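Chain lettering (A, B, C and D) follows the sequence in which the chains are written, and residue indices restart at 1 in each chain.
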Amino acid sequence: LSNKTNDEIVPTLLTQHLKVKPVTMLTASRSPGYVASPHSKLQSMIWSNPIRNVFITKKPGTTTTREAMVKFITHLHDSYPEINVIVQPPVISEISNDFKTFPEQNPNHPHVLFTGENEDIVTKTDLMVTLGGDGTILHAVSMFHDMQVPPVLAFSLGTLGFLLPFDFSEHEVVFNQVMNSRAKCLHRTRLECFIVRKNDPKKISKLVSVHAMNDIFLHRGNAPYLAYLDVFIDGEYLTRTTADGIALATPTGSTAYSLSAGGSIVSPLVPSILLTPICPRSLSFRPLILPHSSHVKIRISTKSTYNLENNKINLSIDGRPYDSLDVGDEIHVINETGTIYLNGSELPPEYNSPDLFKRKSKIKYSGIYCVAKTENDWSLGINELLGFNSSFRFKPAKTKNDKPSNCSFEE
Amino acid sequence: LSNKTNDEIVPTLLTQHLKVKPVTMLTASRSPGYVASPHSKLQSMIWSNPIRNVFITKKPGTTTTREAMVKFITHLHDSYPEINVIVQPPVISEISNDFKTFPEQNPNHPHVLFTGENEDIVTKTDLMVTLGGDGTILHAVSMFHDMQVPPVLAFSLGTLGFLLPFDFSEHEVVFNQVMNSRAKCLHRTRLECFIVRKNDPKKISKLVSVHAMNDIFLHRGNAPYLAYLDVFIDGEYLTRTTADGIALATPTGSTAYSLSAGGSIVSPLVPSILLTPICPRSLSFRPLILPHSSHVKIRISTKSTYNLENNKINLSIDGRPYDSLDVGDEIHVINETGTIYLNGSELPPEYNSPDLFKRKSKIKYSGIYCVAKTENDWSLGINELLGFNSSFRFKPAKTKNDKPSNCSFEE
Amino acid sequence: LSNKTNDEIVPTLLTQHLKVKPVTMLTASRSPGYVASPHSKLQSMIWSNPIRNVFITKKPGTTTTREAMVKFITHLHDSYPEINVIVQPPVISEISNDFKTFPEQNPNHPHVLFTGENEDIVTKTDLMVTLGGDGTILHAVSMFHDMQVPPVLAFSLGTLGFLLPFDFSEHEVVFNQVMNSRAKCLHRTRLECFIVRKNDPKKISKLVSVHAMNDIFLHRGNAPYLAYLDVFIDGEYLTRTTADGIALATPTGSTAYSLSAGGSIVSPLVPSILLTPICPRSLSFRPLILPHSSHVKIRISTKSTYNLENNKINLSIDGRPYDSLDVGDEIHVINETGTIYLNGSELPPEYNSPDLFKRKSKIKYSGIYCVAKTENDWSLGINELLGFNSSFRFKPAKTKNDKPSNCSFEE
Amino acid sequence: LSNKTNDEIVPTLLTQHLKVKPVTMLTASRSPGYVASPHSKLQSMIWSNPIRNVFITKKPGTTTTREAMVKFITHLHDSYPEINVIVQPPVISEISNDFKTFPEQNPNHPHVLFTGENEDIVTKTDLMVTLGGDGTILHAVSMFHDMQVPPVLAFSLGTLGFLLPFDFSEHEVVFNQVMNSRAKCLHRTRLECFIVRKNDPKKISKLVSVHAMNDIFLHRGNAPYLAYLDVFIDGEYLTRTTADGIALATPTGSTAYSLSAGGSIVSPLVPSILLTPICPRSLSFRPLILPHSSHVKIRISTKSTYNLENNKINLSIDGRPYDSLDVGDEIHVINETGTIYLNGSELPPEYNSPDLFKRKSKIKYSGIYCVAKTENDWSLGINELLGFNSSFRFKPAKTKNDKPSNCSFEE
């Protein structure tokens, strides 16, 4: 099923209890409104039109998430017959034999799952549900580029994540709150990255844009030489760094790679772009927190004596290898609602594509709205997950089994 | 003159060329409008009513600044006879013998300077001019607490400053631009600090508020014991730190003490509050960048065995010792336009003083508008002043005299 | 008793069960030999002459340590009647009523405690036992300056310490091992600090030397200005630092103040001197690890405009305020067996005091030999006490009570 | 010539002025004695038998180094006819046409160069001369593994290096000092790395040993997953790190990769091994300075869910890619004179190869003796080359051209 092209997906009865239909049949996605309140860091998510299409993704290949997915779909079908469940084709193959009964409120009809190409799924999704860890959320959100991201309801199974998911045991209660506009969301910004190739005559045609929830980074990877990177802010030269690489992160990503490289922890509510060097050959490169409206350009530079062919630098988006860049190539990073036409920008006029701006105007709510547990999720997260400011343990361990957390080592 | 109380200042002819008048004679201060532009990080400063009262401060006691002040006043009197110059009483004593001629456009009248108590000066100032370094600006701005700060036009004399002053040689040109609404300003936020004493029955009566342009910090000072500080964000406990102290900084202050303690460099345009520990006894305390709307409470805690009397912790505002705190005392820090009545706050209702809010509503433009040289001042500053990301110097020095900057040592 | 001068201490029966005698009655201290082994990081402590005089110190004022002390003394008197127990006068006052029985092996004689002036105690001590935390050890060791430190057997009571004490519950077994030359020791180096006053005509007369187990630091303390310190290594100018201060630490002290200021963790077995700046106004001051044989000179410098009187800098030794220094004053720091007459040293010849060298030659084993639990104490310590390299806790807490260690906060 | 095997190198007249002979003709290398002095950080290099065989290496492919090499060889042949000059085959091809005259003291004979396989060159070299930067020295020294390294005399050409070379303009004077036993050397230690494969039945046969002057590091390279590394010290488990990688460095290497990753600067005279994590996913991993005698074992670990095939980790020695490791593989790192059979080691007995120890016993002087300029080279280096503790530049630039060093950017 997974390799079928979209128009091949026709309603099919896979088993006695499971039928698949093309996602293209569904009505277009609709989004909730988000209402801020003066006393809250979160925004209320209000559905003036009820949720109809729920897209569920999961971490591939573990029994726990597969079972959770079946449980969650069954719950939706049993309790919310009006809701259409969307999954990706590989998931259907994985779970097709797991439905042994008919939906409760619809005893004579099989379970129905909608599926299709990613590019169709994204146009139909009202709400996205993820089952897995941080990687699952990052991956699911990455499907929605150049368009509005539906609200994200994330569940973890066994392991916690820093993107602050709910425990799966709460799925019934939480989904009910979301349905009834009683859920609150934390807003997270995204970054957008354009690659401009040095040797591209018609630059505009190749203007590729990718979106990052965590970070965009350049790294020397396996290369035995250092990366030489020229950094420009709003069209003005800032510095040249000789380093393993450089990370541009959202506040969300401040606890990911940027943290490992020595960056500060930034609340998701601080509108900003983090510029954190990775192992720079300088004593005086301190991580920078730039305005949200910044246009950051990084150009692959070189020491003249280097062989140009060898000087490839890897670009990764949210930790996934994306492309490799040559000397003279550039990345341009802005926040998702930003524009690269700031005062003083050196970007040539041919980039001033009308498409670029038409697209932007379509998006009402930029960034990512994540259903949140409490006002305090973030503080709890840095305390409980990152072990922030652990005090030195000058109290003796009570019992032999009361080991520090890093003693989890077993041969 | 400096010790005279306000009502004693009567118009006095100090020398043939200099007359002093009470500042109270002047009309009340008026402020410009600030207009943002989509393509600029700066805001245009527009005077719908022309500037009349200019308050000039200077670093005390150096010949260079004294001479510059006389030159600047002379220029104003010569070229802008409609402008009233305000100075503090000690300045008058310092410069009274330095006026040897009459103003050009007013050849038969002596130079006139207005003076008085600080609390009167602040109500009359349309524009503030500082002559000196960062400390001079910090000190001048600190006079304006609980009220709108007039725009700041800063000049340096010989030494540069990170608050990015103009060189004094440009004073005529720059002042003319300011007068003619052709100057642009960088907006900097301020923090506000309330002290709440543990053993104060009527807490509200003692609610003191001070404003910081750089930072508010608690430090053990000379004490041979560590500070134990409990940190709460928006009323929720975050962490207890055992440390030399803790700094809460504005983005402006990110390059001051916070930097020395290991904090990131934050652009003044990122609305945020920096929480940077000072020498904490923890491997895992990383500097935090909190939302601008945060309410940070810090309570002096203690190890039970300590003698309470000895456990004083020093509070400093913009580097000046302000007060010392005892175990159980608290500071509450918010941004100047913020409120401490956020969701979940533990602050008792009696703090909810109506005065507090009446004051706030008076301020139209909070923070500090500093006349800026270029869009790029900040990047230039971190490069040129802080030596940001200096690359290793693997080129030989051209001449013997081409020494690295830290070799400025002389016996 | 505590205020009596030495010659006033005459044998006195304090209670029916406790007699006090002057420490001066005892024979001079003798030290063990220390034998290294190729396969061990520790050294065997061999007593060719059996231990006779045991000096016991404790953390002042807590019931737990008082009770432990009485228990320990009773055990020694019961099991090792040949051993003389030495305590300081205040301890006698504290515990005098706690002996309710006669020693087991000497049923008709009271318990005997030896006491006297510190300067007499140190000349009689064969072995030092401490009951308390790191501070107790630091303080006890500091009594032995300019002379050999007796081996240290440290016990903790309830709280752990980074100087790696034994748990008090093991005191009988461990003391027996020490007595029978079956204990092993970790060797820790000490630093020595000389103060040289600028305005001291006969410098040699005032040459004060103090010894540090952890660190020697200079700090601005309460001063609202920064410290300007010129650093010289082996007589050559290294750098001028503008900072809160500077710490010179032993490897033992690498986990004390130096760690909080950002220093690396250095094994006690690495012969070296750590130079760690405290909140320096520089992006590029990295902690330095200098050779053990280094001669570090730090001179209090000044910006010319400062008022000299105000520019006092505090000197602390192992965390205790020691003295305050003026502009032009210097400290000279070397390892305890080092000499300040290295090549190129600028120290004037008059310091070349014969006394200095005579003293040195007396010391056979420099530094501090601490009875150790296992080869691995240090690694265990950084893991268990400092929470070194705690991994992020992405496993859910098993029970409600399984809180992270920094949630120990209680109102 | 470069591809010829050793026995093919026969005396050949390449040009009228240049003859090549096989290095195997030369007598075996002999080494100087090194004499320490109490007042010096350097050691005098004493040649009881005069230097005969000088091996000269250079950075490949630049005109400047080629010309310098010819100049240096010509000087040796002109002034020291008894000295045999050794070069590698590719160098001969490069410079063969550059000799236009006969040697001064030997006017009728061509210049003679000795060459051959690296494994023969290393057995004949009395003194090694390098022309180029740090990389040239690292590479030259790496030829000498498992044997004594000849003294290194390094010259730089235009660019400075942190391994503190002489300027080439001084080559005549300096070489003369070396010849006449008037030169002093800085001693630098090396690390040795053994790779042990998990799935190697006869582990001993594959026991590979490589030597590092700077560092040995493991890195995830291009992999999109993190490295999981278990670290053991002296056979005891220390910690598991999840990171980009880990660096084990000599004090010499403390200013190379370790510095970029946040490590302290360690004097080459501090006998120690640095363990510095590279971008670890932990807030509390602080660089460690371990005893010189440590045996550090690192095992590639894995999260159980990972695909083993993908989990390759790259090993680099002095920055050169060396090998890639699989899950379960280990590296064992010790100092060059150390042994991996420390107390508690888990290394199986079959590693206890007699060869291993036979080799060790051959080396009289381990590590690398580098001819040094002054006692103070190291302090000068961190100041002048690394820009250590640069103070903030609050003095205005004198002229427009007086730009900070990081403004070297040109489009």
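Please note the rule applied: a residue touches a chain if its C-beta (ideal position, glycine included) is under 8 Å from a C-beta of that chain, and two chains touch if they have at least 3 such contacts.
Keep in mind that what you see is a predicted model, and the values were worked out from it rather than measured.
Trainee: Pick the pair with more C-beta contacts: B-D or A-D?
Mentor: Of B-D and A-D, more C-beta pairs in contact link B-D.
Trainee: Chain A to chain D: how many Å between their CA centres?
Mentor: One centre to the other, that is 44 Å.
Trainee: Measure off the straight-line distance from the CA centroid of chain C to the CA centroid of chain D, and report it in whole Å.
Mentor: Result: the chain centres lie 40 Å from each other.
Trainee: If you average the CA atoms of chain B and of chain D, how many Å lie between those two points?
Mentor: 53
Trainee: Among the residues of chain A, pick out those that touch two or more other chains and give their numbers.
Mentor: 239-240, 259, 280-286, 383, 386-392, 406, 408, in rising order.
Trainee: Graph shape for the chains shown, where an edge means the two chains touch. Line, ring, star, complete, or other?
Mentor: complete
Trainee: Could you pull out which chain C residues touch chain B in their complex?
Mentor: Within the complex, chain C touches chain B at residues 61-62, 221-222, 224, 230, 237, 239-240, 243-244, 257, 259-262, 278-281, 283-284, 305, 314, 316, 319-321, 386-388, 390, 406, 408-409.
Trainee: Under the touch definition given earlier, write down the residues of chain B that touch chain A in their complex.
Mentor: 39-41, 233-234, 236, 238-242, 251, 254, 259, 263-267, 269-272, 277, 280-294, 341-344, 375-376, 379, 382-383, 386-392
Trainee: Where on chain C is chain A touching in the complex?
Mentor: Those residues of chain C that touch chain A are 133, 158-162, 167, 282-286, 383-397, 404-408.
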